[in-house]
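Before any comments, here is the structure.
Note that the chains are named A, B, C, D, E and F in the order they appear, and that numbering of residues resets to 1 at the start of each chain.
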Amino acid sequence: MTAVTDRFPLPDLADIAPDIRDKIVAVQEKSGFVPNVFLKLARRPDECRAFFAYHDALMLRENGLSKGEKEMIVVATSAANQCLYCVVAHGALLRIFEKSPLIADQLATNWRKAALTARQRAMIAFAMKVATDSAALEDADFAELREHGFTDEDAWDIGAIAAFFALSNRMANLAGMMPNPEFYLMGRVPREKKG
Amino acid sequence: MTAVTDRFPLPDLADIAPDIRDKIVAVQEKSGFVPNVFLKLARRPDECRAFFAYHDALMLRENGLSKGEKEMIVVATSAANQCLYCVVAHGALLRIFEKSPLIADQLATNWRKAALTARQRAMIAFAMKVATDSAALEDADFAELREHGFTDEDAWDIGAIAAFFALSNRMANLAGMMPNPEFYLMGRVPREKKG
Amino acid sequence: MTAVTDRFPLPDLADIAPDIRDKIVAVQEKSGFVPNVFLKLARRPDECRAFFAYHDALMLRENGLSKGEKEMIVVATSAANQCLYCVVAHGALLRIFEKSPLIADQLATNWRKAALTARQRAMIAFAMKVATDSAALEDADFAELREHGFTDEDAWDIGAIAAFFALSNRMANLAGMMPNPEFYLMGRVPREKKG
Amino acid sequence: MTAVTDRFPLPDLADIAPDIRDKIVAVQEKSGFVPNVFLKLARRPDECRAFFAYHDALMLRENGLSKGEKEMIVVATSAANQCLYCVVAHGALLRIFEKSPLIADQLATNWRKAALTARQRAMIAFAMKVATDSAALEDADFAELREHGFTDEDAWDIGAIAAFFALSNRMANLAGMMPNPEFYLMGRVPREKKG
Amino acid sequence: MTAVTDRFPLPDLADIAPDIRDKIVAVQEKSGFVPNVFLKLARRPDECRAFFAYHDALMLRENGLSKGEKEMIVVATSAANQCLYCVVAHGALLRIFEKSPLIADQLATNWRKAALTARQRAMIAFAMKVATDSAALEDADFAELREHGFTDEDAWDIGAIAAFFALSNRMANLAGMMPNPEFYLMGRVPREKKG
Amino acid sequence: MTAVTDRFPLPDLADIAPDIRDKIVAVQEKSGFVPNVFLKLARRPDECRAFFAYHDALMLRENGLSKGEKEMIVVATSAANQCLYCVVAHGALLRIFEKSPLIADQLATNWRKAALTARQRAMIAFAMKVATDSAALEDADFAELREHGFTDEDAWDIGAIAAFFALSNRMANLAGMMPNPEFYLMGRVPREKKG
């Protein structure tokens, strides 16, 4: 087997800026492993801090989208950008948040066939347009969202998540970032959560 | 949740032609469930028989490709056609044949990042050209395969599998065929194979 | 002139499996020549039998589509795949079935400009979506067919023909299959049919 | 059958400007019919005169391209633009100039499979880039032509023909111009040339 | 800095055909410089005369489009073809005719965001379809124009300008034509027009 | 004239978070106006802070790219995304940094025709691949950069700027952000820099 295309050496944990290292340790304690995105981006401390500040501002914000819906946007648009890291890592989060072992593979392969509500389908259609053809966005796209009960602030949130992962997908593809093996299975076996 | 887009009613098992029903029962006894593709295609007995005869002629043929490599072609080209059924069902077979829980998601998301040998990479590149731009195939594409040790008969096999799933993917998308839930998890947990 | 890109040697007639050879002889007696697709596929007897069984199940089936309409689907979708063999060979059949010397070139160049009924136009639009973007098929596409009097079984037939020639076009492009010179002129000169 | 999409009424011959009418009469006497492009463009006398002056400057110019080679460029690039009028009308001229009943359909369906010399293949590849992605032309494209014996003046001729038919194809598609039925058969039956 | 990709040597003014030289001198006296398109095309006198005859027939014709609207079509479609010469040179004319220093950059970057009337927006949408996908033009496109007050003769004018610049853009890209530096600034500084 | 598509109301300066307001005031004092991106993003303080922290980490970083070269990447990739705001605003910065009134329009229309060094051309080619097809990045792309003297850290910088503006372009298109009129002219008139 050939080595996978993992580019740019990872820093030693000892060389990572303390505030970023603290964040990494906290994630490790919670998840049991360090997602590769942290180590890869820690090479560039300022970019790393801005990346996670932006990520958290969008993904942790309390708004009209559930945590699962935010991850739906990430998985569908990351698949359009063929980003292995984000599809696999955020697919895991999506399965967990939605308590659905099937939804992530559906969204990643063909979002039109995923088990979504009509409202979620409109949300993904809008996000896909932001991801793949944002210059063609027009007022009718916002009107379509409103028909499904989304406010214009929700439209900003949907579009901003798609836009942020347009960045994130390109960084992962640039850096040859590979998902940790743990992500592939997370959320697929309902009973693993229990006892 | 909205109903998924499953089109065309499935036939009652009692109404299915005996030779096809026998085949379905045999699969069920081996796998523990009936893959939806059998029931969906059984609506049209003649097409169904030809479909599986063609499938078996390509996928069961002993040749220069391993069983896992044949499934690699299926998963990568079916992802290019955004065929949910084939990506999920053949992803399961691929994981089992290759004893690799990661390879299917890698090939489905971005084959260039999958853990493949250089020979397998050339095989997938050829298959993707057959799947997405076959009119541009030229002698140089066959020469590239030969450099990786493939004969022209191997080239036929690689291309014919990609061609057959060009048909299969379109039928699944036409019929709104949904993968059985069992497929999503198969081959992901190494220990499930054992006692 | 350079040799055209005809790949894979043709088998000697003596080496062809008897059941396939019988079929070839029957075609030759009826048409006056052996279409290259028979000789090219006869190299692989099992695939060859499945190919023609599938072809006949779709193209000879009595259903809501006339023989000419089935060939319209073949010519339009094969042109989208730039398949020289199928455009020329099935163009000949289309001209003969429709008794129209112009229809095949129209469909092959730009189906929107072909002399079709509104019903046939809807049929071709559906077939082209199956051929080029089947993942985006949605219920509205089936509803559009119904508005033109097609049943869902007709939709299956239209889509299945487009799907089968997605396979056929790729095999012809893979094998460098060239149409027999006879096909180019068939059905173009009305009087050649008569005495 | 629905009426084909022929837009913009044709002028009466009596209303056409005398110099253009003379040209039309001359063509009619030579060919036995008036190609629709003359009548359609005659609606706009100034554009009509400029169109044919440009056409003749390129197509009648004595240079490094034979009359047949110029028509090869027209047919291949017009097929890329899906222009029914130009593919059919210039396909007729190509068959006649090359004394080949097959070459036009080959070039229109997939130029890579047409029976061309290596030099002609390079010529068509260059013309197709001008037709479909002229902004990406670079010095290497001219160098490739030079390797096949073309001068830079030949490159201008090849590119200018492709550019002129980029205009012509769009005008025919805009005006819904339909090829005269005579064109479809011209040059297909060798004996029709003789007594 | 590398030399820009200016191909084909310019002729000496003394070697240019007198009627073309007179036209060039007249332009120079009016504009203060000779636009490169004149010198570049003067290499081929017959093509040059036809080019400008066609250009003038379309662009100087008195019809339902203002001079500024004609240039809007040129700038938007030339941007779609990534033609540096036409975007910059006709962007200058557009700014001057419309007395707007902003409109050209808006149309060249994303016409959907340009400050246009609804009528002009429909005009540009039609022109863009002619430029990029003319084979898909259908009666509904003409009906849309009529809803905004355009006649079918206006549709011809809009489409013909887009078609002519499909030619012009390809010639400029072929010849590596660079815009004169003067064009970049013209019409950007309102006060430069005055004393 | 119709109103341009400016979406989402701007906040009153008094309602903006003090740290962001201080930044805006500082920019205004330096530039003479407040670029619209600041007011538009200030609606969402956390996202706004992260956006500018990320922007500054990439664009103000001292590394192997000059300030002008960074802006070249921004203008070329923003044009590919048809982002009016970024093409016009960063086009102004590019003209000023490079002291070239022509370079921005060249890069925005067709980067292959811009007056660049071979090294800068390789830089833009890499950035365009990150912007438009990052999943296809492979080691050969990094090798090509190295041949032009770029380190892998430079490759990260080039790719990260393209990735960040993939986000930025989508946010501007989502929000209907219009460039301030001042940007269109900046850096075009050499003498305006002097007294």
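We take it that a residue touches a chain if its C-beta (ideal position, glycine included) is under 8 Å from a C-beta of that chain, and two chains touch if they have at least 3 such contacts.
This one's a predicted model, so the numbers in the text were calculated from it and none came from an experiment.
Where touching is counted per the definition, the chains common to subunit D and subunit F are B, E. The chains in contact with subunit B and with subunit F alike are A, D. To find the repeat of B-C among D-F, D-E or A-C, check which pair has over half of the same contact pairs by residue number; it is D-E. Overlaying subunit B onto subunit E using CA atoms gives a rotation of 180 degrees, to the nearest 5. Relative to subunit E, the chain whose mean Cα position lies farthest away is B. Contact tally for A-B versus B-D: the pair with more C-beta pairs in contact is A-B.
Chain centres were defined as the mean of their Cα atoms; on that basis the chain farthest from subunit A turns out to be D. Spacing of subunit C relative to subunit E, judged by their CA centroids, is 44 angstrom.
Subunit C and subunit D have centres, each the mean of its CA atoms, that are 28 Å apart. Chain centres here are Cα averages; for subunit A and subunit F they lie 24 Å apart.
Shared contact sites, meaning residues of subunit A that touch two or more other chains, fall at 5, 82-83, 110, 112, 135, 138, 173.
Checking each pair of chains for touch leaves A-B, A-C, A-E, A-F, B-C, B-D, B-F, C-D, C-E, D-E, D-F, E-F. Residue ranges of subunit D in contact with subunit B, taken from their complex: 110, 112.
In the complex of the two chains, the subunit A residues touching subunit E come out as 135-136, 138. Of all the residues in subunit B, the ones that touch subunit C in their complex are 5, 7-8, 44, 46-47, 49-51, 53-54, 56-58, 61, 81-83, 130-131, 134-135, 137-139, 142, 152, 155-156, 159-160, 162-164, 166-167, 169-171, 173-175. Subunit C meets subunit D in the complex at residues 1-2, 4-5, 79, 82-84, 87-88, 101-102, 105-106, 108-110, 112-118, 121, 173, 176, 178, 181, 184-185, 188-189.
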